[in-house]
Amino acid sequence: MSEFLQHIANTLILGGTYALLGIGLTLIFGIMRVVNFTHGELYTFGAYFVFLISSVLGLNFLLALPVAIIAGLVLGALIELLLLRPMRGADIDTTMLVMIGAMIVMQNSEQLVWGGVAKSVSTPFPETPLVIGPVSVSYLRVFVLVMALLLIAATYVLINRTKLGKAMRATFQDRDTAALMGVNVRAIYTATFAIGSSLAAAAGALLGPAYVISPHMGDIASLKAFAIVILGGLGNITGAAIGGFILALAEELGAGYVSSGYRDAMGFLIIIAVLLIKPTGLFARAERIG
Amino acid sequence: MLEVRDLECRYGSVAALKSVSLSVEKGQIVALIGANGAGKSTMLRSLSGLLVPSRGSIMFDGEDIARCSPPQVLKRGITHCPEGRHVFPDMSVEENLDMGAYLRRDMAGIAADRAQIFEQFPRLAERRKQIAGTLSGGEQQMLAIGRALMSRPKLVLFDEPSLGLAPNIVERVFEIIAQIRADGATVLMVEQNAYAALEMCDYAYLLESGVIATSGKGADLIDNPHVQAAYLGG
Amino acid sequence: MRRFVPVIVVALLATVPLWLGDPYILNAFITTGIFTIAAMSLNLLLGYTGQLSLGHVAFFGIGAYVSALTALGFDVELFDGFHVVHEPWPVIYGFILAIVIAGLCGYLVGKLSFRVRGAYFVIVTISFAEVVRLVALNWVELTQGPLALTNIPPVTLGLPGIGYANLYGKTGNYYLVLGVGVIAYVVIKHLVQSRIGRAMIALKENESLALSVGINVTRYLVLAAIVSAAIAGAAGSLYAHYLRIIDPDIFLFLYTVTMVIMVITGGKGTLAGPVVGGALFGAIPVIVRSFAAPEVQWILYGAFMIAIIFVLPQGIVPAIERWFAPRPSKKQLVASQSSVSAE
Amino acid sequence: QESIKIGVNEPLTGPFAASGTYVTNGARIAADEINAKGGVLGKKLELVIEDNKSNPTEAAAVTEKLVTRDKVPVIMGAWGSSLTLASMPKLMEYQVPMLVETSSSGKITTSGNPYIFRISPPSSVEAAAFKPMVPKMTIKKVDFLVINNDWGRGAAEDFGKMLKGENIQVGLVETMDQSAQDMSAQLAKIKASDADTLMVTTAVEQLTLVLKQAAALGMKKQIITTGGSQNPDQLIAQAGSAANGTIHLATFAPWQPDSTPNPQAAKYFIGEWKKRGFDFPGVTESFRGYDGIRTIAAAIEKAGKPEPEAIRAAFWNVDVKGLNGDIKFQKQGPSGKESGQSVPNVYLIKIDDGKVVVPTM
Amino acid sequence: MTAIVPALTIEHVAVHFGGLVAIADMNFVVNGGELLSLIGPNGAGKTTAFNVITGFLKPSKGEVRYRGTSLNGLKPHQVASLGLVRTFQRTSVFRAHSVFDNVLTGLHLSGRSNLLDTLLRLPRERASEQELHDAAWEILTLVGIDKQAHELAGALPYGDQRLLGVALALAAKPSMLLLDEPVSGMNASETGRFMRLLAKLRDRGMTILLVEHDMPMVMGVSDRIVVLNYGRIIAEGPPAAIREDPEVIRAYLGQAGAKRAAHA
């Protein structure tokens, strides 16, 4: 029983992590329909940024977070302006390839700059865990979970309740018509990619200290993020958040009660199963024919 | 109010508009008719900034807007209700209407206008929360018209507003267009229902293969034998 | 004239081992050839049915494992005391089985995901590949897991009873890869330039419309998946017997990415696209290796990819075709600004 | 004056880049040291370093290139087992020997490839070295958490066998994916088990995470790590207090160079490593590159000529004082086609209060 | 005319989307060789009815039968192969392909070659392809877009795209054609041309179910009209009766519409 409770606690913690990875991609992949292979690199970028600020420059970890978010915003805007804008009108696979190219360049640049050796960041959080009955979790991870939930809520409000959010959705549903409504579609493209990127950087900034930071940390992060976004239904923020927790649950119970070798397989089997039952994700949108 | 001179528009190497000149006076309803592929939609697209003309000028209230982007054109008071509905498929009816008022800030005015549109198209009121992509074709067309009106335009460009609408709704739409004129705004419309369009307009142009073939008062064009044969099926 | 280009290319390729002295380059030709075959198979799905399989390496890997295990033999205990024992068979059977079983897996994936499209299909294929990789990694008894299958015999050509010839050497393997490549090309060509090919393309363009004219979309998607997987399996088998060792690293995501790069830069939905893209991205690593530092090699590789797409967004082959076939009167669809036409 | 080329086939990009780079830098130190002393057979050594991209296909291609293009008579490589295994058929094809410096898979020396000479210990060797220390420790039941590759699985198997022989129970064997960052699910399960000791085998980054996450779960078991690349300094730096009390089986103990088998060489190597500005924790990996090149140099010297067959034969006769013990090759694998395996020393160290100590037993 | 045989029978069909009733309880019959028009206000459920008939939507209840065969549970392509082919209200063509290739694709069901023929490119494959080419030209000529055969479908003017949509449907060799607003976006003359095409099709014995808001046309071509409102049939009968039906005038035609319908 206590093991089970610990697994559930782990699920919450890990689910928060996954949800955080997913929401940035929901904007870029779910709404913009850009298969964003740089997501993992922006995540890595955020992590290295925190390392730079808190370990190299010796500034406060809590300061590093907002700065990393802003840096992600800027880098995302640059990627959009330099790589995506010229590709406007190209189809999704072609854009994807550009993003793969960008990923290769970014990942190896990171390695060139930082070397392949993993870095770690120390945080102001106590190293002794928070113990509640049979369950024990690290303070840092609780902080990450809380931040993840806050960022999810903020993104949800942004997309569904604000004018900017409406303009974003409108732009990617029908660019010309959005322009006719007075939306500056170029600015929206840049803004959406930048915001999505900054969320990835935020995830890196929060999780980098929880894990270790290396040029390859983005690889599985990307893969999981894609899975989560699709599990939740493209462009659906709440879907992505719930998808993150479901994936975490599948992995946690898979490793705990089936076999740790098949831990990741459990996650992917769940995804396959969900898509077989609901081919457009858990929270599919209505569509019509004719 | 609107003065188009010598406009040329191309898709790649093909010129869809060769050299078009026309003018629209304030407070008028002007109709643009022509066969399939004559370039009517192209004309409206270049007016609203969706297409950049390769030659020619578009003067609106004394200013050349030929190279303005769609938002800039909209800010000057021109709204374009595009051919084939183009509602935002994953947004609700209400959100679509809100998008129509994207550049406006007067909350009260927006709410009032929305209420008026719901009054004009009760069907939309019934479906305010429905995702627009699941509306029927005609419902989407009503939404597109309503959305265009949400910007309180000085000049409305309608591209086939009656497309896919039931006869009684078509009637309603023409009433609305007349009302727009009565309210002091101006309308330039492309309509396949040429008879109705010519009947109600103040002035009309006939576009054929990218050039203006003839123009005149609506009633005059109705009587024009060529127009009769080619567009009124008579 | 255009019809003879493939024939000339094959004829030229056939002369390569005769004048190329450098075994390292020949090795690059062979591995590139193997991945090009895999890329051709991916193109069938991506370029013609419009379904992006980012788990394509699964079929490649399955082909490799099936072929290797057929040739090596195995002894697996399925459940208590129930053993499945397989004695080694000649490699040629492995090759055929690789094609058949990879094709069956293609059938499975096609059938399973018959309702999912686009991004959802992508993730189903990725998931499938990951699950297969994890099985290869964890079913140690069968696959040796991470311990790798070693001493895989090279391809033997011949017929039972008549005699065999081992292809240890590069030249033999080269011709083998070339031969399989040509067959794969012809199969794909015949398929896509037919009623079946049109059905696949219809599925990509407008599925409801395809259905409405009576095209059994699922059936053609499944068919494309089968053929595509089978060809990828053949490539995997070639890989296993050429490299002569395989481990779960064969499911490396990077390999799928390599295939995708080859298809898209070359020109998806064109027959020659994967071949041209394959040749190019087989050559680039070899070229940059000679002058750049390791990370820089990758950076150049990525930058080059981006550059190609910027200059030729449709890929190389369509650009060349447009160059040589100027039909000035034909209207082109201007996709950029204003696609305000109802669809 | 001509030089003697030595091929170096290492992962310099991709997931194993950090380790491959360490090993390559160690190799450079050895080559420079030897060249400063006049080289081998009166010729300078020249390292031809190629990146295998952490990718087996590339590793095979690199071997091919080193042999056919650069005409190296001997190669060092290729770090990971799958990289080494992929290179091995090429060695047979071209009959060129390779010194394996890191890979741990048992198959490398048992599959009948006479061109293979390995200086890193497979886990069976490590387990055997650990065996005499077991009775002096308090271990009743052991769980394993290992990286899901040949190395981790081999360790779980070999150590498990050895421990059972010592009448110690073996409980769970949990694996973690090579790239996994979150092991709390496995650790929660291990936490709930009744074993008193957890043996962990993986690379240092993942080890750091395991220790941190185990601490976060409030796990109180004795943790022993195997594999020799666990790099205690990095652990102390990165895992902080979570590393306290953990025990490690190491193959090189640079923090006490005086107690290593070859103190002089160890000091030289460590000094040079620091002088070149590499980070100290890297020495526990890079020393293999250093030892590897020195072993190859010794073989060339013995062979008297830089030719593959002569070097292969000479490997059997080398006796080098390596940084962690004598390097001499024993025969392994099917007779007539044996590979060489050297048996290095294994140390037991403990992290106490942020410092490395060698427990006295 | 031969004896009246029901071709398509719709019995107690209902469609619900969540809480929304798109079709309440629909019953009608289309007789063989007949041209029946289905009209009604926007959102009345006409397109939905098409979707149900052609297998794109499963009805919440009820049954559709074509020439005695129940269509329940059949997939769209199966329905099409029974000879029941529809066009779409939203213009649907294969945009990136030439007009000719569009029709060739539409001719899918007429191909005779099997997989083996195709893979080995046997004579039967070549013969079949040749037949399809000929058939494609015939259809293009019939519909009147043969001059645009080599243009890209997506670049055609709207009206021609709609004609191509019809050509695609005809390519599937229908015995019954379901047209969803085929002349929307066409002017009176073009509509006239389309009506002549309809007449030709009827001469070939094709059964037609037409949805259209163009009253002059509907009144001109229909044998019978069924009027739908809010998913229910509110009137059924010959054009003359329908255009005078007060309920239809109130819900659908409007005063002016009624006048114009009478004009036709």
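We just call them A, B, C, D and E in the order they show up, numbering each chain from 1.
We adopt the following convention: a contact is a pair of C-beta atoms (placed from the backbone, for glycine too) under 8 Å apart; a residue touches a chain by one contact, two chains touch by 3 or more.
Because the structure is a prediction, the values reported are computed rather than measured.
A comparison of the C-E and A-B interfaces places the larger number of contacting C-beta pairs at C-E.
Distance between Cα centroids is largest for the pairing of subunit A with E.
Comparing the CA-atom centres of all chains against that of subunit C, the greatest distance is found for B. Put simply, the C-alpha centre of subunit B and that of subunit E have 29 angstrom between them. If you average the CA atoms of subunit B and of subunit D, the two centres end up 75 Å from each other. Computed from the mean C-alpha positions, the centre of subunit A lies at a distance of 30 Å from the centre of subunit C.
For the pair subunit C and subunit D, the distance between C-alpha centroids works out to 36 Å. Residues of subunit A found to touch two or more other chains are 108, 111, 176-177, 219, 261, 264, 286, 289-290. Within subunit E, the positions touching two or more other chains are listed as 17, 47, 56, 86, 88-91, 155, 158.
Within subunit D, contacts with two or more other chains are made by residues 13, 17, 148, 175. The touching residues of subunit A, when paired with subunit C in their complex, are 29, 33, 35, 83, 86-90, 93-94, 96-98, 100-105, 107-109, 111-112, 176-177, 219, 223, 226-227, 230-231, 234, 259, 261-262, 264-265, 268-269, 271-272, 275-276, 279-281, 289-290.
Of all residues in subunit C, only 187, 190-191, 194-196, 198-199, 201-202, 205-206, 208-217, 223, 330-334, 341-343 touch subunit E in the complex they form.
On subunit C, the positions that touch subunit A within their shared complex are 46, 52, 112-113, 115-117, 119-120, 122-124, 126-128, 130-131, 134-135, 137-138, 208, 253, 257, 260-261, 264-265, 268, 295-296, 298-299, 301-306, 309-310, 313-314, 335-340. Taken together, the subunit D residues at the contact with subunit C in this complex read 12-13, 17, 50-51, 53, 55-58, 60-61, 64-65, 68-69, 81-82, 85-86, 88-89, 93, 105-107, 111-112, 148-154, 175.
Contacts from subunit E toward subunit B in the complex involve residues 17, 20, 40-44, 46-48, 89-91, 155-160, 181, 184-192, 213, 215, 251-257, 260-261.
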